[in-house]
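Read from first to last, the chains carry the letters A, B, C, D, E, F and G; within each, the first residue is number 1.
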Amino acid sequence: MNVLLVLPLVLPLTTAALSLLAWRWLVLQRVMGVAGTAALFGSGVALLAFVWTNGICATQIGSWPAPFGITIVADLFSAMMVVLAGLIGLAVAVYSQASMDSPRESFGYYPLLHTLLMGVCGAFLTGDLFNLYVWFEVMLMASFVLLTLGGEPDQLRGAIKYVTLNLLASAIFLAAVGILYGVAGTLNMADLAHKLNGVAQGGTLTVLAMLFLIAFGIKAAVFPLFFWLPASYHTPPVAVSAVFAGLLTKVGVYALVRVFTLLFVQDAGYTHTLILVVAGLTMVTGVLGAAAQHDFRRILSFHIISQIGYMIMGLGLAGLTGSGELATLALAGSVFYIAHHIIVKTNLFLLCGVTRQLCGSFELKDMGGLYRDRPVIAMLFLIPALSLAGMPPLSGFFAKLSLVQAGLGMGQYAIVAAALVVGLLTLFSMSKIWAEVFWKPLPAGTDGDGKLPKLTSPQSSSLLLPIVLLAGLTVGIGLAAEPVFALATRAADQLIDRQQYIQAVLGET
Amino acid sequence: MSAFLWNLAMAVAWAVATGTFTLANLAVGFGLSFLILLFAQPFLGGSGYFAKVPQVIRFAMFYLWQLILSNFRVAYDVVTLTHHMRPGVIAVPLDAQTDAEITLLANLITLTPGTLSLDLSPDRRVLYVHVMYIDNGDVEEARRQIKAGIERRVLEVLR
Amino acid sequence: MATVLAIVIGCLYAAGIYMMLRRSLFKLILGLVLLSHGANLLIFTAAGLTRAQPPIIPPGATVPMVPAADPLPQALILTAIVIGFSVLAFALVLFHRTHQTIGSDDPDELKVSDQ
Amino acid sequence: MGLLAAVLSGFALALFAPGLYRVARGQTGWLLALLPLGLACYFVSQASAIASGATINAHFAWVPALGVNLSFCLDGLSLLFALLITGIGTLVFVYAGGYLAGQPRLGRLYTFLLVFMASMLGLVLADNLLALFVFWELTSVSSYLLIGFDHERERARAAALQALLVTGGGGLALLAGLLLLGQAGGSWELSTLADNGGLGAHPLYVPCLVLVLLGAFTKSAQLPFHFWLPSAMEAPTPVSAYLHSATMVKAGVYLLARLSPVLGGTNLWFFAVSGVGATTMLIGACLALKQTDLKRLLAYSTVSTLGMLTLLLGLGGRLAVYSAMAYLLVHALYKGALFLVAGALDHATGTRDAERLGGLGRAMPVTGLAAGLAALSMAGLPPFFGFSAKELCYAATQIAPAAAWLTALTVLANALLVAVAVLVGLRPFFGKSHATPRRAHEVPPSLWLGALTLAVLGLVFGVRPALGPDLLVGAASTSVLGQSAEMRLALWHGLTPELALTGITLVGGFGAYRSRKLLREAASRWNVVSGWGPAGWYELLLRGLNGLALGQTHLLQSGYLRYYLLIILATTLGLAGAAFARSGDWVASADWSNLHFYEAGLAALIVMAAAVALLVRSRLAAIAALGVVGYGVALVFVVFGAPDVAMTQFLVETLTVILFVLVFYYLPETTVVSGVLARARDAVVAAAVGVLMTALVLIASSVQYSPSISTYYSEQSLPAAHGRNVVNVILVDFRALDTLGEITVLAIAGIGVYALLKLRPAKNGDRDSSVADALGTRSNKNAGPDVQFFQADSTVEAPK
Amino acid sequence: MILGGVTLLEGAAALAMAMTGLSMFFTLWRLYRGPSLPDRVVALDLIGTMAVGIIAAYDVLTEQPILLDAATVAALVAFLGTVAFARYVERRGIE
Amino acid sequence: MTSLILRTVTRFMLPLLLLFSLLLLLRGHNEPGGGFSGGLVAASAFVLYGLAYGVAAVRRALPVQMWTLTGLGLLVAVVSGVLSLLAGFPFMTGMWLPLPGFNHLMMGTPFVFDVGVYLVVVGVTLAIIFPLTEE
Amino acid sequence: MSDLLSAALLVIGGIFMLLAGVGVLRMPDLFMRMQAATKAATLGAGCMLLAVAVHFGELTVVTRALLVTAFVFMTAPVAAHMIARAAYSVGTPLWEGTIADELQSARAPDTQEN
């Protein structure tokens, strides 16, 4: 257990350090890139299996008992997130073999990827609020560098906004942590939950909750704090966009879920209603933003925002109910949605990169002809695209279904209506891409005779392997939704039953 | 120099032996060992160390006096309303040759209120000094004061 | 004392924010630095100030002299300072390169990437 | 098991269709038709059992936690639909092979057709509400892909999108409706819901009904959602025949029939369903006559007929339901046939303009025969099946509330449809021949087989209802009604009012046919109005959506960093302020006592240095002032017993200043100054943030919910961690993980700075060229002005 | 406010701190006014040196010799910053 | 041409500062200091040397690559934590050995960790500042 | 006795500091500001550090205090020299009362080249 819990931190960091030492040996870095992420994925799966059988488990770093040391703790939710991080890391590492240019590779791409994953996993696993800040910064710093790696003008333009707004979020987060320590005298989240239990509703804690909502809301890109995302996600190489799209905002969502199920539940009538309002507005503004775009990656970027709305919708619903079947259903919906979304969104970005290689552009108007000439890629696109829009029987349908069921069950009709309408608009958006990129003939004059270039064999296998894998998962999660949903349900149960978490971290209290 | 190190080491040994690490005790140890070394000089072979000590002390007194004097002069100008300064940049031809000599000289000049080492000529022969009080506007006199005063004494100590 | 420091913190935040809103990348980053100073002082102050000995155990003792300052916020601030420095170093160079590339210090010139 | 296999076999086969097509080429259609044929045989074999009141059930758990299960139930209603789907499916597969022979992407068409067929089967067999929805959505998607088969044409893509959005939108309403239904009825199984009886009194009834109806009406092209169906005629004809006349568009009708025991029987049901149905029936028929394109004629007539079916289901009762089932069957037969004929005509002549076709009977005798039979059935001439079904309809309308009005409307609509039947089924084969783009010729058997089969069945079923329709219609209406309708199909019921109405219909129909040009002219004057019809609304909605999206994006994602910051800060202030405002239990005490002069001085120094940094013009002066702020903060740390922090702060501050100097030392100082108002606004926001932070710090230093954990560190530092500097022990032992993360951040920042400075894109590389090209050369040549900071000239050597 | 201390030494230390602090404000004014960049660099350097002095006086005032390390570092970095700034002035010129 | 005075003083101060940085590192566990401030002082020393003699001179004098230093530091830090894992304790549990010959002086993995911090700080600070000066 | 000595050193140091502050405020040109300020401040800091050494008297503290003092005295003139040199080379104006500038005349020929 001690080993399993820290492997998701130790493995990427070791790989990153070794990659730094192998600064000049690119081949070695590439091999370690795939091997390291594969090992991370494997360790994540082992952790998930362990938590599934043994319940929430924790290890006290440095053997210092909680709440004095830092606790690394995995419940099903965080273990699942680690698995997904490993999966996305692996997919992107394989994809990068063919898609990443060697100048970027030789300026630290692989160490950066590993440290990014380390930050992400750390954020998922830590049981300490300040330590969470540290992992956020690890992730953020790695993302800054990955975003700017290459230094193209658009990358720099986007990065300024990305960096500034995220630093503002960090500053707010740090201030909130400082004040929380000031009033509660501890940083361990389980200990905080334990100590804040008896604290009166509202007041100072609600103000603090708002600060955390803002700080994590910026990271999660919710309305009206999402500006950094559409400003930057379309600028780096596709592999980078893909890993960002899959993981970064989800860490913000994870943090929101964590603190708003564990710490800030005293004033749920206020805070969680607010979350629900934010969820609805996020869905709508995100999807409308996508509708205004004509660039493949920008459309996908705005859809991330829209989807974040769904993820926190379950959180808001669950908080309003407190406990019981509907709360579990709502939160399970969020968990399921996150898992589904990470796989699907990453895949869409990866596909977007392939279409870019074939058509030579990200602009819809300059693309086309892929359905006629590359039916396999077209079908591979259709799977995540339809899943994103919530079409049955793919993963997205069940994710949306559970949220809508919970919402209707609680009589929260407005948010359900928003969720359904936004689903339709997402479908509209995906069909726009489908019609323009796949159905429409390739515009003449772009690449001469309107013929698409060929991918070389090793190139195409490294590009398509992760796509096929992720598409298979999307279908698989849909067809075998029951086990995944059972996982989500148990994860939600653990989140709602705070005592389990507190007990696992603090021991007998 | 080794004699000085010996002296120092013996002072520390004294402190260890007596078991009290205070400034006063160290000073006592230093003084005692200086005397021992001074008397042991014929047995150990000659060293410039003992000749240097009075020079160093004399230089320190001189420099301290300069420091106090010029400080009062500058302080007077700082706190009074009227300016009595007659500033100027003068070139001081150097007798000092090694890096250490030049650096020490320049730093000591700078450290004294009223004079400031501005620049060294590329051939290291001339040090340009900003002087705050050129008495009676006599540049040559100011130059002489520096050469005869501080430079001579520094070189005395170092050579 | 906490009151005075609280006001200082407020001033640092206000100054930082005001500078970030100016039309200059340079001032933007200056504002970020002020903000991180504010955050560090905030952690220090919010945890409860004590005009006390450093939390260092003197020779012969087994615990620090009483009263000693709370060591935990100090450790947190140290971490935050280092992280802030890393971020700042990167951001500075990023702004520098952007300035070189765009040829302007005005953040309004960065619009293009959004539209 | 049989039902599951029946549904899944289509999906499974779909995967292999393209591969099969590569092998079997022209024979693929025949081969694939074996699957629906086999399934049809299977359903036929179950028919007698079903008719005797039995059902076949199958249940497979899928996602029980969400109520989604693959439970199937084959009853009379499902059987009727399943036979239509598989039977007509068989003919369509054969037809498609001939119609699209040589088309390179025919394999994919087969795939989508198979997916559609399987989904449609699943839809009508599903007993689980959510499984039904799953298949419902799958039909929408496969319909989208099929309508867009000719995807290189803009119009085909637009039509596909339209169909997808309209039916998809309805689908989402349906989802909500079904979920409410399940919630209200306490079960996800249709059979259980039906057993539990009507929900008319349930508080959720109204929203539930409205949402379900939205789903049904969009799918079945009821007004005002009908417009997607004519547009969908962009699909290849086999698709139109299969999806858009015989099966998919009837899914809505199926749903109404299926749910009428649960949701029917109320006034709302009656008014909503039959009202919409009647309107659709009439308007559809009117619009049909306006058309000259064969397929659009048929499409509008389908809209009209779907309206009539809806009307009948809205009326409810034994007769209405029975007649609806009968008419549903007969419509599938004749409309399917006519679509296939229209396709054959198009194939043979190269045009689908009804007015440009004529006298083809000699060139295309078999097709003509099929067309004639189907048209007569459609017109309702005895002894065709159409006649008996229409009689039943008239009988049903006459006993409905507002019988006179409804009957008149039905007769009027039917008369117009008679005209359509003549126009489509008879006129092209009689009279003068016209010049056509292609020289007319008889089509191959694959193209007439389907039409002829369906048309002949229309005649046979009319004459001998016992051969099938009797049983099917009876069983279907039994499942809808929950009891037997106790009726039989018959050609002759005596001299009834219905017979008279049929006569009127026929006469009126021929009149309308004769005067169709006049009618069209009259209708064209209407265009002003109909231009604003639902299709226009759709366009308007899309344009409005686009405008809204652009406007919103322009407003929010403006590209101006300072607006982003302002919005985020305003949100922070708003949320925190609101939280402050709604509860007054927070304490913040300002404590001025016990303040040392040097502390006050330090505070003043920091604030003033910050003010200098803010106010001073020169950039370097601001940097120096920033350094002073840092030193001041470090002194605060000194004063409050934090030497470690102070040391680090001094070091970091100086390095920061050096970095600032290095970065900004040659940049020109051209700063744009905002206007007075903007500055005032920014100042207000900044001040508010400052006040907020001050308040928070004051609260934090006066509120203490629980004692701090930090005494532990002081006590354990020496004995357990062997260190006297507690802060350092925390950093490298108690909370070493923080430090591990921290040095990782530092290392990444190092890479970042290095890469930013050393890795640059080629200057002239345009943005669109591939990254590898743009970054192909590692160049330091483009690095700004060539200034060396440390070393003005490199003549100085390092010392030995 | 508590001004000064009880003993002579405390009084002297407090006085020294007060005087140093006051001159820090004067220096800050010079930093603000300039007029030339070197003036500002001088001001920054001075503030560093004054910080060393303040720490030393505070050491005596509060009997905390351990703070000397902070003074050492302050002295080091004040020097480093000034040298860096001076190198900058040489390259960039006067403002 | 940099100032002779600066160069002379720098040459004198470099070893002193490096010594000071090691002192900070070594005694950090018991008195103010530690890997981070120690590393920064060491880096400052090199920066000062760079200011006086030019970056190229520092590069010539420092035999290791910045990335090697950084990677090595990270690796040392991780390994110091993993050691306890191998012994069956949680990650980063301090493991102490008495230093033979010294009373009360212990050598432990937290110290090794601090050495890792020191290496990373030196490597990164130089990796940040030197390329910037070569702009 | 040592208390008296360190108190005196502290006050003297404070006076030096104050002189530095007033000097940097009042002197008419950069070079004289430096003359007045940096040295006074260095001496002031030195006095205060000596006061620490005298006050505590323990070896560790004394050596440390003396080392810092030495460090300050070693670096401060270098820093002052660096600024002055840089300031002069970029043409920072001298006070109008300046009576001689021999560096200017020495440099005259090569300033033409630049």
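In this text, a contact is a pair of C-beta atoms (placed from the backbone, for glycine too) under 8 Å apart; a residue touches a chain by one contact, two chains touch by 3 or more.
Note that the structure is predicted; figures quoted are calculated from it, not measured.
The chains in contact with chain B and with chain F alike are G. Per-chain Cα centroids separate chain C from chain F by 24 Å. For the pair chain B and chain C, the distance between C-alpha centroids works out to 43 Å. Separating the CA-averaged centres of chain A and chain F is a span of 37 Å. Of all residues in chain F, those touching 2 or more other chains are 1-3, 5-7, 9, 30-33, 36-37, 41, 44, 47, 51, 70, 74, 78, 81, 91-92, 94, 124, 128, 132, listed in ascending order. Contacts with at least two other chains are made by residues 20, 28, 38, 42, 45-48, 53-54, 56, 72, 76, 78-79, 82-83, 86-87, 89-90, 93-95, 97, 107, 110, 112-114 of chain C. Residue positions 557, 559, 561, 565, 594-596, 600, 639, 641, 643-644, 647-648, 651-652, 654-655, 658-659, 662-663, 693, 696-697, 700-701, 704, 708-710, 713, 724-725, 731, 733-740, 742-749, 751-754, 756-758, 784, 787, 789-790, 792 of chain D each touch two or more of the other chains. The chain pairs satisfying the stated touch condition come to A-C, A-D, A-F, B-F, B-G, C-D, C-E, C-F, D-E, D-F, E-F, E-G, F-G. Looking at the complex, you find that chain F touches chain B at residues 1, 3-5, 7-9. Within the complex, the chain D residues that touch chain F are 643-644, 647-648, 651-652, 654-655, 658-659, 662-663, 721-725, 728-729, 731-733, 736-737, 739-740, 743-744, 746-747, 749-751, 753-754, 757-758, 783-784, 787-799. Interface residues of chain D facing chain C in the complex, by the touch rule stated above, are 557-562, 565-566, 569, 590-592, 594-596, 599-600, 603, 606-607, 610-611, 613-614, 619, 622-623, 626, 629-630, 633, 636-637, 639-645, 648-649, 652, 655-656, 659-660, 663-664, 667, 670-674, 682-683, 685-687, 689-694, 696-698, 700-701, 704, 708-710, 713-715, 717-719, 724-727, 730-731, 734-735, 738-739, 742-743, 745-746, 748-749, 752-753, 756-757, 784. Those residues of chain A that touch chain C in the shared complex are 130, 133-134, 137, 140-141, 144-145, 148, 151, 153-154, 156-161, 163-164, 167-168, 170-171, 174-175, 177-179, 181-183, 187, 227, 230-232, 234-235. Every residue of chain A that touches chain F in the complex is listed here, in rising order: 2-3, 5-6, 9-10, 13-14, 16-21, 23, 59-63, 72.
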